[in-house]
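The following block contains the structure, expressed as structure tokens.
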Amino acid sequence: MTTPQQQPRAEWTPDHTSDEMMSIAAARALADGTRCFVGIGLPSTAANVARRTHAPDLVLIYESGTLGSKPDVLPSSIGDGILAETADAVIGVPEVFNYWLQPGRIDVGFLGAAQLDRFGNINTTVIGDDYADPAVRLPGAGGAPEIAASCREVFVVVRQSRRSFVEQVDFVTSVGHGRGRGDRERLGLRGAGPTLVITDLGIFRPDPDTRELVLSQLHPGVDVEQVREATGWELTVADDLSTTDAPTAAELSTLRTLKEASS
Amino acid sequence: MTTPQQQPRAEWTPDHTSDEMMSIAAARALADGTRCFVGIGLPSTAANVARRTHAPDLVLIYESGTLGSKPDVLPSSIGDGILAETADAVIGVPEVFNYWLQPGRIDVGFLGAAQLDRFGNINTTVIGDDYADPAVRLPGAGGAPEIAASCREVFVVVRQSRRSFVEQVDFVTSVGHGRGRGDRERLGLRGAGPTLVITDLGIFRPDPDTRELVLSQLHPGVDVEQVREATGWELTVADDLSTTDAPTAAELSTLRTLKEASS
Amino acid sequence: MAEIVSLADGVGRLVRDGDTVALEGFTHLIPHAAGREIIRQGRRDLTLVRMTPDIVYDQLIGAGCARKLVFSWGGNPGVGSLHRFRDAVQNGWPAPLEIEEHSHAGMANRYVAGASGLPFGVLRGYSGTDLPEHTDTIKQITCPFTGEQLAAVPALNPDVSIIHAQRADRRGNVQIWGLVGVQKEAVLAARRSLVTVEEVVDDLEPVPGQMMLPSWAVTYVAEAPHGAHPSYAQGYYDRDNDYYKEWDSIGRKRDSFEAWVRDTVFGGEVSGK
Amino acid sequence: MAEIVSLADGVGRLVRDGDTVALEGFTHLIPHAAGREIIRQGRRDLTLVRMTPDIVYDQLIGAGCARKLVFSWGGNPGVGSLHRFRDAVQNGWPAPLEIEEHSHAGMANRYVAGASGLPFGVLRGYSGTDLPEHTDTIKQITCPFTGEQLAAVPALNPDVSIIHAQRADRRGNVQIWGLVGVQKEAVLAARRSLVTVEEVVDDLEPVPGQMMLPSWAVTYVAEAPHGAHPSYAQGYYDRDNDYYKEWDSIGRKRDSFEAWVRDTVFGGEVSGK
């Protein structure tokens, strides 16, 4: 997954950046004790913040073969030595996918995305209409298609823009809610799919009836118009739209300490 | 596999029993460096004699999950601790069968039998015509069907009698040469099947044309008539029938030391 | 997270009449104490699953706990036959025993499929043998790429799997080393699981060859020192080969077996040394 | 039995133009020294197989060794894109690159099938994604017991697999620990194999978490100290995160990449520290 440069484009308070708000909102979504399959980058940052704040018993699973890693610094790749050295169990890659992911043992799959669409489908393969001659060749699927299929639910964390938040992804790398309600069942996908999408502007949840992603929460200092501007489909806003609590001092210092230690 | 009491029924010299001749003849069949999948009982005894005499680099593989065991006493079961402690690698049981046996990595499968027929098919399941109401219930297949299918060749070691050496087995637990030439290919069995059957009376090899087991070697002091008496089909004797060399003093003492240490 | 309970509670809460139960351990770490506890609690109509039904299942079958046996090799390793198993199959004593018979490779792949959340496993197996004629859980499958015919076997997903391990920590993480057999697969394939251990410790020191089962993959952990006897627990005690020989005479006759159940299982004596 | 040879001899004897070659190592123990040796020996038309084509394959692709890539994730982990890979796919430089694209689960099961002597593997995967439309090595298969539809993928059996390990003994037995990825499967699936190691020692002391490859399962072993750099070798050296970032600028432009090939691969300089 690509890692664009961090651009603090909306510093509405002197206290935190929009990226920090995103990571902290994502961290809060992970309840203590959750078994979380962690993608590298934003998901890994959020999961490690969660483990250091409200969720000390969060179980981190990395596709490189670690169950229950407890890194004391942010791993710079999903295969950092620190993940193996601090794990409850180290296993081979086939076992990760076959014995642990596929049977539905993992509560939350925590994914990033290059493109995400109205129904939470994820593209990390190619930008452009022609697979054989892509405008941009992205890294590809990795573990994501089966993480999105088999985890009990999926959280996506992604920086939001018209480029990343599109009506329909150019390539379905990982299925969210297909083209709407009933599609996952029809496809035999056993997890609930994306139940939460956390961006640098707010939080989206699928509508229970249509499965379209609906803006349900705004981060502090962001207004609906800003979100609409950064959404590539006709935005629906939840009736009970709420505002995210600003990061606490403890959350911020945890996040910053982690980031500093890893840079 | 059942372990009948040892009955030294033909002590033709004061030097060794027929069972000892059988074990030593079986041991000699294992060339140094051979990767041998070892059943417990007679095969394990023979393999361990071989490793201590002419074949120090014999690779012993036990279905309990050990590659390259180097036990210094005879294991009393295929899962003795000594097998794991002295192995080059200890692996799980699924891996033994899937990664090591099935792809044809093992040179010789060394099996016992309760019943063996004219074409080298093995029965370790039931005696009697009715599977649902057997005259004698035997232990069953264990690893044998796939050992017999996938090893490059199979050696069988069995005490010979009209009861054990039958025209046709009551139940095909493990396929030898089916009903004759071409049957293994037709069944998709990739190894060569039983190329050697070692008994307490002599040694049988499959006829290259018919695949019927043919007496090719007599142990010292045994005559063809004795073998015919102990064979449940019309015995064919090889043109170039030879006589097994009597056990050497070194072979006998190795075998006896092993046996004593394990009793 | 695995809860740490007593052996009696673990068996009592998990094993119900009519359940499909797997006690695994391939010659090493056979959960004998749990087997005796199942007899003690009087469970009935169990479908017992095990690659190598040896003494532990001879005891459960003789005590009338089982309705059916799913297996690949039933014997007393290094000694001979299982007399209670034979008596049940040949004479229906103490109850008829239905059997579903596989090879080791087939059983191992059934557990692997079960642990993997797949409905079936594929292997090169059974071809030409008489097993498929009598076992309806063996079918053929065709490779969609090469057209080759292979064997397919359905996943095993026991209601309860029980294994024995060397150690657990107080959070219920389990550590096993030495021959690990098919134990991880048996636990992961099961709906509920019980791991009996030699001891519960504060911290699990790493051991070469260890296999770890995280606490959250196990239902209950129960301390059962010497719980694998007469099999062995590497690092704790050796195999009691004499007991295996002795079992041949205990199990041979119905009355000697019943005396063993009365005295050893219900008399509260510790078996063996 | 594995023969112990030099890295140049190992690569020279095993890797031929047109071969299907897998260099495996999942973030840990990536066989970089062997990758550079393949460039040095000028191999062409290789079908390169690897779950995570990262820097090592960016180098091979940029140097023109590859005709085709079979993979599931191609990026510079923690940094961004692989510019040589992108340039080959988007612009056909230095040569067009055919791709065969899977998910990690699919690739892992293809190696497992290859190591198991099976023609295909089965998984719950790909359903609803656009991958099957573009990858003809993804098919459907029906469970013969339940009727469920699952994905089937063909076995991977590379002509040559190359991995890096911490140690081997003088007989060629290989010891790996830490994250072991899919290396065992890659070696067992291959027709021929080369294991580069940090060092060849007299005796392999057991290490917790070790995976052993017996000598007779490997074709050649070659000593290549620091051979996984810029990835890491647990117990020997850490990941060189700066190198991964530096590669972003080396690989970004064709001329800076060509300078790297000239200076580092052919100039005989040791890359990195």
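Order of writing sets the chain letters: A, B, C and D. Residues in each chain are counted from 1.
Throughout what follows, a contact is a pair of C-beta atoms (placed from the backbone, for glycine too) under 8 Å apart; a residue touches a chain by one contact, two chains touch by 3 or more.
What you see is a predicted model, and the numbers here were worked out from it, not measured in a lab.
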Both-way neighbours, i.e. chains that touch chain C and touch chain A: D
For chain B and chain C, chains touching each: D
Most widely separated chain from chain B, with each centre as the mean of CA atoms: A
B-D compared against A-D, more contacting pairs: A-D
Where chain A and chain B are represented by their mean Cα positions, the distance between them in whole Å: 58
Separation of mean Cα positions, chain D and chain B [Å, integer]: 41
Between chain A and chain D, centroid-to-centroid distance (C-alpha), Å: 28
Junction residues of chain C - those touching two or more other chains: 112, 117-118, 123-124, 148, 184-185, 209
Shared-contact residues (touching 2 or more other chains) in chain A: 98, 102, 150
Contact graph of the chains (line, ring, star, complete, other): other
Touch relationships between chains, expressed as pairs: A-C, A-D, B-C, B-D, C-D
In the complex, chain C residues that touch chain B: 26-28, 51-52, 71-75, 77-82, 85-86, 89-90, 101-105, 108-109, 111-112, 123-131, 134, 148-149, 178-182, 184-185, 209, 211, 232, 234, 238-239, 241, 244
Interfacial residue positions of chain C with respect to chain A in the complex: 1, 112, 115-118, 173, 184-185, 188, 212-217
Contacting residues of chain A [partner chain D, same complex]: 1-3, 40-41, 63-66, 76-81, 83-85, 90, 92-94, 96-98, 101-102, 125, 131, 133-134, 136-146, 149-150, 171-175, 178, 183-184, 187-190
Touching residues on chain A, where the partner in the complex is chain C: 33, 35, 59, 67-68, 88-89, 98-99, 102-105, 150
Touching residues (chain side chain D, partner chain C) in the complex: 117-120, 122-124, 137, 139-141, 143-146, 148, 150, 152, 154, 206-210
